[in-house]
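Some structures to go through are shown next.
Each of the next two complexes has subunit A plus one more chain, namely subunit B in the first and subunit C in the second.
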Partner chain A sequence: MPTLLFDGIAYGMLLFVLSLGLAVTMGLMNFINLAHGAFAMAGGYVLVLLMQRAGWPFLACLPAAFVATALAGALLERTLYRPMYGKPHLDQVLFSIGLTFMSVAAVDFFVGSQQQIVQLPEMFKHRFEFGSGPWMLGMGAYRLFIIALCVVLALSLQALLARTRFGSRLRAAVDDPRVAAGLGIPVDRVFLLTFAFGSGLAGLGGALGADILGLDPSFPLKYMVYFLIVCAVGGTSSITGPLVAALVLGIADVMGKYYVPKLGAFIVYALMIAILLWRPQGLFTREGRR
Partner chain B sequence: MTLLAGALAATGALAQSDSVKIGVILPMTGPSASTGRQIDAAIKLWLAQNGAKAGGKKVEVLIKDDAGVADTTRRLAQELVVNDKVAVLAGFGLTPLALATAPIATQSKTPMVVMAAATSAITEASPFIVRSSFTLPQATIGIAEWAPKNNIKKAVTLVADYGPGNDAEKFFVDRFRLNGGTIIEKLRTPLRGADFAPVLQKVRDAQPDALFVFLPSGQGAQFMKQFGERGLDKAGIRMIGTGDVTDDDQLNDMGDVALGVVTSHHYSAAHPSAMNKKFVADFEAANKFRPNFMAVGGYDGMRIIYTALNATKGASGEALLAAMKGQVFESPRGPVLIDAQTRDIVQDIYIRKVERVGGQLWNIEFETLKAVKDPGKLK
Partner chain C sequence: MSAAERLRAPARWRAWEIALWVVIWGAQFGFAGHAALVNEIAILALFALSLDLILGYAGIVSLGHAAYFGTGAYVAALFAKHVMPDPLVGLAVGTLAGALLGLLTSPMIVRGSDLTRLMVTMGVALVLYELANKFDNITGGADGLQGVVMGPLIVPFVGRFDFDLGARTASFYSLGVLFGAFLLLRRIVHSPLGISLQALRDNRLRLAAIGLSVNGRLAAVYTLGAALAGTAGALLAQTTGFASLDVFDFHRSADVMLALVVGGVGWLWGGIIGAIAFKLMHDLLSAFTPQYWTFWIGLFLVALMLLGRERLLRPWTWWRR
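Right after this comes the complex of A and B.
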């Protein structure tokens, strides 16, 4: 039982890192980016290719995955995304889902469609076990690492958004880009940085998750629904919202697959429907906002 | 239907021409691409070894990619029969792909050689289907016989939730119980799932003597890794299964956790026969990977087609089909027979254990069940 809880938390944390970028672009920049999963997949493949072809160590590949996808995000923001900011949401959805399909086909063509296998370093293959019987807690070292990393990320992001000058500029730019620009805030640059950072986080999540979620070209489509559920349930106005939503989803998913395997993946959707019936605006969104 | 009737007439005309076409449909892209890659390489090896001539005619092999989508398989099969006027359809990486094509084989009277798909019922879908791979009940009963004799009394089964998985579960459970074993739990996972954490935890808590696993070719490595990470091997749970889990294609990437896993299957790249040694050496020389059971299914499928073409001097339709039935030959996997009645393959099933030999992991065969017929059809 504690083991399941632990696995659920690790899974939820992973979902959190993966979805956070989406929550930022959707909530703060008011842009629906369905291609978010494609950035996550790109991060995963950066990790796999660097490890397999260039022989990089696992831990060095994680920042590389972040940087590479952040750069890709910045480039795409400048060239493709920026003209889409002012467009209606339907155009944004069509545009970004098209981008997703292109990324799926591109990876299929260049790398192949097989599941990629990540060889974790030895230190992550350990397993810590406490207690016995139904109350035994077994923790894989790698999942422990994921949880620790994600907690650090969540805390520092919260601090970044709430406490720093950049955070207040971003919130100002989102609330009213014209006034913010008039006050001398470089709105374009703030959006560019935010988008790149969100993409980088997705890439990091994809790299971290390659071992647990699996990695093949259909990754962006397979997990897109999960990202959207995290954003819908958690709301997109804070970091706490998606964090709690991701944890609830992760734990529900693992528990559901354990206790009612016949329903399997459906538990997550049932839970989402229940939460949204109860709080249609999301768990943590202030009512009446936007 | 009129198209197909036209194709019928056309196949008659083909018998007179001096070339014969074999239409091969494989998943060369998509999640089952490794199956397509293996069979494609095996067909190319057969052509390189035996030349492109059979029954006095030039053999043309047309390879099409269906990406593992049944609609596409069916459409490609129709095109191959109607436009290209192929004498034989072959390939078929997954059960639904073979079943979708079966009516086309029946209506156009085109022999259809199933080189991979392994659900028992496939050969019953059309009287023109001949199978060169294996059936899951066939592979499963080997391990279900072996386990109770080797101190495995309580087992949990874990299968991918689709046709072959259900076959494997049913036949393992029935045979294992018949031999005095107890099944604690029957688990199924979605076909495309990659995270086995919850089910593996469930297995661990159930504390069986062994876990029986069937997963489609290609998912074994991921599963094996998580099996080790969750410490099931250290908790004293043995892993047994059909040879799909310790697929030769991936076995070397699995690492030490695979050592000692016992499976039953019809082919191991380590099969100790002169013929297999040559097959593996030639295959590895032409490709950068090891042949697996998919490759041997493709290779033997080509042999069946060639032998039938030679025997009938390049006939097609029912005459060609008749020449495929009842063939007896030595395959890289060992002696096989194409049962004339069921058109399914009868072959030896080996019990193998993963061992490290010469720095690589291999499935080493240590017991043999002779000439196993598909138990799915012994009713």
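Right after this comes the complex of A and C.
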């Protein structure tokens, strides 16, 4: 039981890092980006290809995955995404589905459709065990590493948002882009940086999760719903909302799949509908935005 | 032209509309060899029409319309297998099932933002997918529901037709249902209900201010759209004699939206033209590159959205900025 809880927390933390970029883009530009999973997949493939073809060590590949997807995100934001901001939501949805289809087929073409296997370094294969019987707590070293990394990331992001000049500009732009622009905040540039950073985080999450979530070309479609659930349920106006939503989702998913294997996904979706009926704007939002 | 005439003008049949239907029926009699393709196109067109009612006329963005399509398909298949093999009765039952589910789920789509609606509609389809997967003793699970044998189609005063392998009967059946649905919808969208729906899409607040019930009208149109999606699903199950989990799949909801957008949202011909264009494009692309055709569909979507989807059907605006 504690082992499952632990695995659920690790899974939830991973989902949080993966979907944070999506939450920020949705909150900032009111843009529904279904192609977010494509960035996560790109990060995963950067890691796998660097390890397999170039022989890089695992830990060096993680920053590389972040940087590569952040650059790709910045490039796409400047060229493709920016003209779509003012368009209706239907157009944004179709545009990003189109991008997702392209990324799936492109990865299939260049790398192949097989499941990719990540060779974790030896130090992550260890497993700590405490207690015995049903209350035994088993913690895989790799999952501990993920939780630690994600906690550090979440704390530093919170500090970035709350304490720095960039953070206050970003929050101002989220609250009201027009007034922020009127005050001389370069909203375009703030958004470019945020989009790139969010894509980078997704890439990092994809690289971290390649071992746990699995990595094949259908990744963006398979996990799209999960990222969207985190954003819709958690709300897009703070970091806490997506964090709590991701943890709940991760724990519910792991527990559900263990105790009622055939109904696991059903529980997650039904719970999401129920929460959205109860609070259509998400659990942790101030009332009356947009 | 008096005011009353001007208001009625959009509801009049145009010469090109009649001509198009003559061409469609003519093609059906002319190209007997492509009956299976015609059947698929007619079903997709009906499905797209039902989405157009919801998306184009009422402005509800739905990524889970396959929920009603799949319900119609499974109910029609189970009805034919266990109760009665008559296709017309089965079609009515499938339609009713779609309508019932639509009525039950319509309170979910009246609140919240576009994102909430997107997630709830998608969630309904996902939940049904999981349920169909779970109760595999009824639905056949991942293997699909097999052994559906349809009885002959008995049209009063015309005769009886057996469903054959060449899909000749099936294509006439589907096209006939599509034609009937088109006539019905054409009547509805030009009725006061249809006009109030367009008003609702453009400005909800004003519709409420002139004393019309926004939620009631949303529920009505959503139920109607769900019923027609159920009809389309029932047609698919009946003409192929098969229903599988695939009918609830996400790609079905995405495909129908794509077809509708290609044809144009917000007018009834959009669904039909879009279905024809989408199926032909699909056939051409998958003949050209069977494994990677989704790449080109994706590229087409991205380009279409960047250039503006309303321009596709208006070639005279292509070179204007």
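Observations
In this section, the second predicted complex is superposed on the first by the 287 of 290 C-alpha atoms of A that agree within 3 Å, B and C clash if a C-alpha of one lies under 4 Å from a C-alpha of the other, contacts with A are read in each partner's own complex, and residues count from 1 in each chain.
By our rule, a contact is a pair of C-beta atoms (placed from the backbone, for glycine too) under 8 Å apart; a residue touches a chain by one contact, two chains touch by 3 or more.
Because the structure is predicted, anything quoted here is derived from the model rather than measured.
Bringing the complexes onto one copy of subunit A puts subunit B beside subunit C with no clash. Once chain A of one complex is fitted onto chain A of the other, the partner contacts of A:Asp7 are limited to subunit B, with no touch recorded for subunit C.
In the overlay built on the shared chain, the residue A:Gly214 is in contact with subunit B alone; subunit C does not reach it.
After superposition on chain A, the vertex angle at the CA centre of subunit A, spanning the CA centres of subunit B and subunit C, is 70 degrees to the nearest 10.
Touch counts on subunit A: comparing subunit C and subunit B, the chain ahead is C.
When both complexes are overlaid on chain A, the residue A:Asp108 reaches subunit B and subunit C alike. In the superposition on chain A, A:Tyr142 contacts subunit B only, with no contact to subunit C. Of the two partner chains, subunit C is the only one touched by A:Asp91; subunit B is not. When both complexes are overlaid on chain A, the residue A:Ser132 reaches neither subunit B nor subunit C. Contact with subunit C, but none with subunit B, is seen for A:Ala270 once the two complexes are overlaid on the shared chain.
This overlay, made by fitting chain A, leaves subunit B and subunit C with a least C-alpha separation of 5 Å. Counting contacts by the rule stated earlier, residues 108, 265 of subunit A appear in both its interface with subunit B and its interface with subunit C. Taken in their complex, subunit A has these residues touching subunit C: 26, 32, 80, 83-84, 87, 89-95, 97-106, 108-109, 221, 225, 228-229, 231-232, 262-263, 265-266, 269-270, 272-273, 276-277, 280-281, 290. Of all residues in subunit A, those touching subunit B in their complex are 3-4, 7, 11, 108, 112-115, 117, 119, 125, 127, 129, 134, 138, 140, 142, 211-214, 216, 218, 222, 254-258, 261, 264-265.
Every residue of subunit C that touches subunit A in the complex is listed here, in rising order: 55, 61, 63, 108, 111-116, 118-120, 122-124, 126-127, 130-131, 133-134, 250, 254, 257-258, 261, 265, 291-295, 297-302, 304-306, 309. By the touch criterion given at the top, residues 29-31, 33-34, 187-188, 190, 192, 194-195, 197-199, 201-202, 205, 218-219, 221-222, 225, 228-231, 250, 253, 255 of subunit B touch subunit A in their complex.
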